[in-house]
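Pasting a structure here, questions to come.
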Amino acid sequence: MGKLKTEEFVVNMGPVHPATHGVCRLMLTMDGEKVVKIEPVIGYLHRAIEKVCENRTYPQCIPMMDRFEYVTSMSTNQVFSQACERLAEIEVPERAEYLRVIMLELNRIASHLIFYGTTAMDMGALTPFLYGLRERELIIDLFEMTCGQRLTYNYIRIGGVSKDIPKEFIPKCREALDIIEGKLVDYEGLLNENPIWLIRTKGIGHLPAELATSFGVSGPVLRASGVDYDIRRDDPYSIYDRFDWKVAVCQNGDCYDRYLLRLEEIRQSISIVRQALDGLPEGNIKAKVSPKFKPPVGEVYSRIENSRGEMGVYIQSDGTTKPLRVKCRGGSYNQLQALPYFGTGGLVADLVAIFATLDVILPEVDR
Amino acid sequence: MSDNLGNLELIHVFYWLKELLLSTGLGEPYVTIVSYVVLGAVTFGVLALLALFLVWWERKIAAHIQQRFGPMRTGWHGWYQTIMDAVKLLQKEDVRVDKRDKFVFFWAPVVCFVAAFLAYVVMPFGNQLIVADLSIGILYVLAVTTFTVISLLMAGWGSNNKYALLGGMRSAAQVVSYEVPMVAAILTVIVYVGSLSMVDIVEAQSGLFINWFIFKLPFGPIAFIVYIIAATAEANRVPFDIPEAEQELVAGFNIEYSGMKFAMFFLAEFVNMFTVSAIAVTLFFGGWNGVFLPSWVWFLGKTFLVVLLLMMFRWTYPRLRVDQLMEFAWKFLVPLAFANLILGSIMKYLGWYW
Amino acid sequence: MTKEELRSYIDSTFGSQLKALDTGRHDPMYEIEPQNLVKTCQALCDDEKVKFNFLCNISAVDTTEKFEVVYSIASLPNKLRLDFKFSLPYENAEIDSVQEVWSGANWHEREIWELYGINIRNHDNLTRFLLPDDWDQGFPMRKDWDAPDFIRLPEK
Amino acid sequence: MGVFKNLKELIKGMGITGKHLGRHAITIQYPEEKWTMPEGSRGVVVLLSDKKTGELNCTGCGLCEKACPTGAIDLDAPRGEDKKRVLKKFVVDNALCCFCGLCEESCNFCAIKMDTRYEMSVLDKKELIWDMGKLQEMGKDVDYVDTRKKKKPKVAKKPVVKPTEDAKPEAAAVNPGDAKPAAEAAPDKEPEAPKSPDKPAEGDDKKTESGGEN
C-alpha cells in the first residue's frame, strides 16, 4: 500500500473566535490537528490612539490612554503621567505616590484574576472564570469608590492623582485583600494539581529565554522563562524601591509556569498593597500643574511593569500644549510577535493554551 | 418491596389503558399496534420534556456553582426558559451553507435526534414499566447509541467547514475509543447476571442497596468509574467534549447549524446524557429497586443524581486534549477495564462473591 | 552601573558612533549615523560590559521637517536603559532593519513602514498589518495626513 | 500512587465547586434590583442649578468645552451688552462623551457634574444629544457641595501660581456678579452635605455581606 496522501490546510482562527480574547486573527496552517505555521493578523482594533493623542493636550491624552489597555487602565495612566512628569521634571507628592502604587498593584491583581479566569476558560473549565471575576469585582468597586469609574479610570494624572481616597477605602481595601488571599486557596485547589490541568499545561509552549529576550517579550512571560527581570525592581519608578517584595521567577517557560507565576504575583501584589496602606502618609495628592500643561522641549521613553509586561510611552514634546509624538508600547505586542516562533508543533488545543497564557489583549497590540 | 404503594406504579395506568382499548372490541393485533404507538408517543413526549428540563437544570446548576442566578425571567426561577428557547429556535431562519452536502447536511440532526431516543425502547423506567423487554437489551442500547457518532460525522462532513470536519473526526475517534472500555465495564456486570436483558439485570439487584452491583461486585466501583468516564466521553461532555470544544473549534460539528436543526443536536445531547446516566443506574445502582417509593421515582431519582455528577464534572474540570484523550482511553482505561473484567470473571467462576 | 557611569562608558567606548544629545530626559539620549545603524546596534548588543540585548521600542517621529527614528533599548542582565536616534530626510527615507540584532524589531519596523512610509531595507515581511490590506490613502501618521471624517475639537 | 493522587485532586476540585453550589448568588437581578452607585461615580453629565433660585450655575466660561477630550460639549455664550456672558446653548453629545470627568474638574463654578445615573439607552442616537433644558432637568435634584465661595479668592491670586496664560482670569472677570448668590446659598448646603456619605454606606453594607459569604 502506498503512503496516504495528506494535505495541509489553512484555518482562520479569528477574528471572531472564543479563544483569541478580542479580534485577533491567527492564520493557522494545519496538518490534521497539528499546527504547522502561525501567522498573526492584527489591526482589527486599530483606533489610531497615537494619532489622536497628537491632537490632544497632555491632560486630555490620559482618557485616551485609558483605552490603550483597558484591562489595566491605571498603568496606562501611570506610564503617561510619568513620562510627562519626567519631561517637565515635576515632583509628585508623597501621598500621591503611595496612592498610585496601591492602585497600580490592585489593578495588577484584577488583571491577573482575569487571566486566571480566561485561561481556565480557554482550557474548557468555565467555573474559574466566574470565580476570578467575582473577586475582581471587589477591586473594581474600590476603584469606583475612589475615582468614579469601573474600567477607564482616568485617575492618575500628571503630578499626582485626581481624587483622594474616601474614608472607608482603607478598611474595605484590607477586607478585599483578605478575601482575595483566602480565595487563592480555592483557585489553586481547582486547578493547580488537577491532573487534567497539569497535562494540558505542563511542558506545553516552551518559550526559551533567548528567544524571549530577542523578541522583546517582557513581564510575567519573560520571568516564567527564567529571566529575572522586573522593571519595578530593576528600573525603579514611583516608590517601588521602598517596599519589601520578591520578584517571582520560574524556570521552565511553559504554560504551567506562566500560570503559577501570575498566581504568585497576586500574592506579592497583595503584600505590596498592604505595605503601602500601612505607610500611607497624609498630605497633598497633586503637585501644582497648570491646566495648560506645557512641558519643555525634549523627549522621554518612560516604562513601567504592567501585568502584561513592559508598558512604555515615548513622548516627544515641542514645547506646546500638545505632544509632537506619542508612541505606546505594550507587552502584548511583542508577545504576539514571538508566538509564531514557539507556538507551532502542538495541536490546536495547545495553541489555545499558549495564547491564553501569554495573556495577550488586543487593544494593546493594535492601539 | 413496593407492593404497599403498588397502586402508585405508573404501569397500572398503561394496564388500564389497555383494558379500555380491549373493551372497545378491537382485535388483539390492532390493540397491540395501537398500544405500541401510544407507548412510543408517550416515551417520546416524556423524554422531550426531560431533555427540556435537563437543559434548564444544567443551567441552574451551572449558575449556582458560579454564584449566579441563571434563568430567572420566565416563570418561577425561569422554569419554562428552555421551552421558550425551543420556540425561539423553531421560529429562527434555517441558515444553510451554500456549498453543503445537501443530503448529509439535512439528515445529520435527524439521525442524531432519533438515535438519541432509540435506546429508550429497552430502558426499564420502573417495575414492568418498559416498552419492550428485549433479550439482547444492553447490546441493543450499545448498538443504537453509537448511531450518534454517525450523525456527528455526517454533520461535520455535510457542513463543508473545516472546524466542523475536525469536530466530526474528533467525535468519531473519541467514540470508537471509548466504546471499548465502556463495553468491558458493562461486560463485568453481564458476566454476573448471565443475561443481556435489562429487566434481568435490574432484578438481579433486587433487595437492599447492598445488592446493587456497585457494592456487590468485587470490583464494582472500578467498573462504575470506568463506565462513567467512558459514558461522559460518549455523551460528549466536559472533560471529553472535544467534538464541540468551544475554545478550539468554536462549536465543532454543529457550527453551521441554526434554528431547529441546532435545537435537535442540542436536545439530543441532553437525551444522551440522560441515557448514559440511566444505563449507569440500571447496571450499577439497582435500577428501579428501592423501598417505600414507587419504582419509577427511584429510577428517576437515581438517574438525576448521576446526571448531577456529570454536570459537576462539566462545571469543574478543564478539557482534555484530543491526543491525551486517546492516550487515556487506550493506555489506561482499556487495560483497567479488561483487567477488571478478567479478575471479575475469575472470581465469578470461583464463586468468590456474595 | 549608574547612569553617569553608563554615560562615561558609552563616551569612552562608543564615542565615535554615539554622540550625546541633551534632549533626552531621565535616560541618556544619543545620536548616531543612519548608515552605521546595524553595526552600532550589534556592537551595543554584543558588548559584554553593557549588553543591550532587549529592544523596548522603536518609534518614528514626524517633525514636519524631517523624520526621526528613536530606538529605546535596555539591558536585562545589567539593568541599563539607553535611547538613541537619528534624523532622516523627508524624501525617500530609508533605514536598515535591525532584525538580526533584535528579532522583536520586526513588527516595530513594519509599523513605521506602514504608518510613516519610511522604507526598511532587509526586512523579511513588509506587509500591511495595522491598516486594511487595500489601504491607498497615504501614510496616516505623517503630520500632513488628514482625514475628512475626523471629529474636530473646538479651536482654543 | 499517581492514580490515587490524581483521583484525590479531581475529587477536591469537585468539592470546591460543590461547596459553592449551596451558596447565595452574588449577582443581582438588574432591572428590578439596582446597585447603589457610590458617591462620585461618573455617570451622565448634568448641569447643576442653584438650589435657591433654580437658575443654572453655569457662567458660560467655556472651560469644560476646552477640557473635553472628545468634543462632546458644545456651548455658546456670547457676551451681552454689559460684557457679561449669557449662556445661549449648552449641548452634550452623550454618544461622544467618554465619561472621563475632566469637565467636572475644570469647572470653577460648580456648574457641571457627572451624576451617578448611568442608564441612558435610547433607540435613536440623536436622542443622546442633550440640550440645556434636558441637562438642567437632569441636574435639578443632584446634591452637590458648593465650593464656589472658596474658589473666589483663589481666582484672585491666580497670577502668582504660574505665569502661563491661563483661561481662569478671563473667567474671573465674569465671575463676581454671578458668584454672590451662590455664596449666600452655600450655608444652606451645609446640612445636606453630611447626608451624602450615608448613601454609599447602604451599598457598602450590602457589599460586605455578600463579600463575607464568599
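Should a chain be cited, it is by its letter among A, B, C and D, assigned in written order, with residues numbered from 1 in that chain.
Following the convention adopted for this analysis, contacts are C-beta pairs under 8 Å (C-beta built on N, C-alpha and C of every residue); 3 or more make two chains touch, one makes a residue touch a chain.
In this text, all values refer to a predicted model and were calculated from it rather than measured experimentally.
Comparing the centres of all chains, each the average of its CA atoms, the largest separation from chain A belongs to B. Looking at which of A-C and B-D shares more C-beta pairs in contact, the answer is the pair A-C.
Central chain (C-alpha centroid nearest the global protein C-alpha centroid): A.
Inter-chain spacing, taken between the CA centroids of chain A and chain C, is 24 Å. We define each chain's centre as the mean of its Cα atoms; on that basis chain B and chain D are separated by 56 Å.
In terms of their C-alpha centroids, the spacing between chain A and chain B amounts to 45 Å. Per-chain CA centroids place chain A at a distance of 28 Å from chain D. Counting partner chains per residue, chain A shows two or more touched chains at residues 56, 127, 134, 190-191, 194, 196. Counting partner chains per residue, chain D has residues 10, 13, 16-17, 20, 26, 68-70, 214 touching two or more of them.
Residue positions 65-68, 315-317 of chain B each touch two or more of the other chains. Of all the residues in chain B, the ones that touch chain A in their complex are 62, 65-68, 162-163, 166, 170, 238-239, 241-242, 245-250, 315-324. Of all the residues in chain B, the ones that touch chain D in their complex are 61, 63-69, 72, 312-313, 315-317.
Listing the residues of chain C that touch chain A in their complex gives 23-27, 29, 53-57, 59, 61-63, 68, 70, 72, 74, 76, 79, 81, 83, 102-104, 106-107, 128-132, 140-141, 153, 156. Within the complex, the chain D residues that touch chain A are 6, 9-10, 12-13, 15-17, 20, 26, 37-42, 63, 67-70, 98-102, 105-106, 114, 161-162, 164-167, 197, 200-201, 204, 207-208, 211, 214. Considering their complex, residues 56, 59-64, 66, 127, 134-135, 137-138, 141, 144-145, 147-149, 152, 154, 162-163, 166-168, 172, 175-176, 179, 183, 186, 189-191, 193-196, 288, 290-292, 294 of chain A touch chain D.
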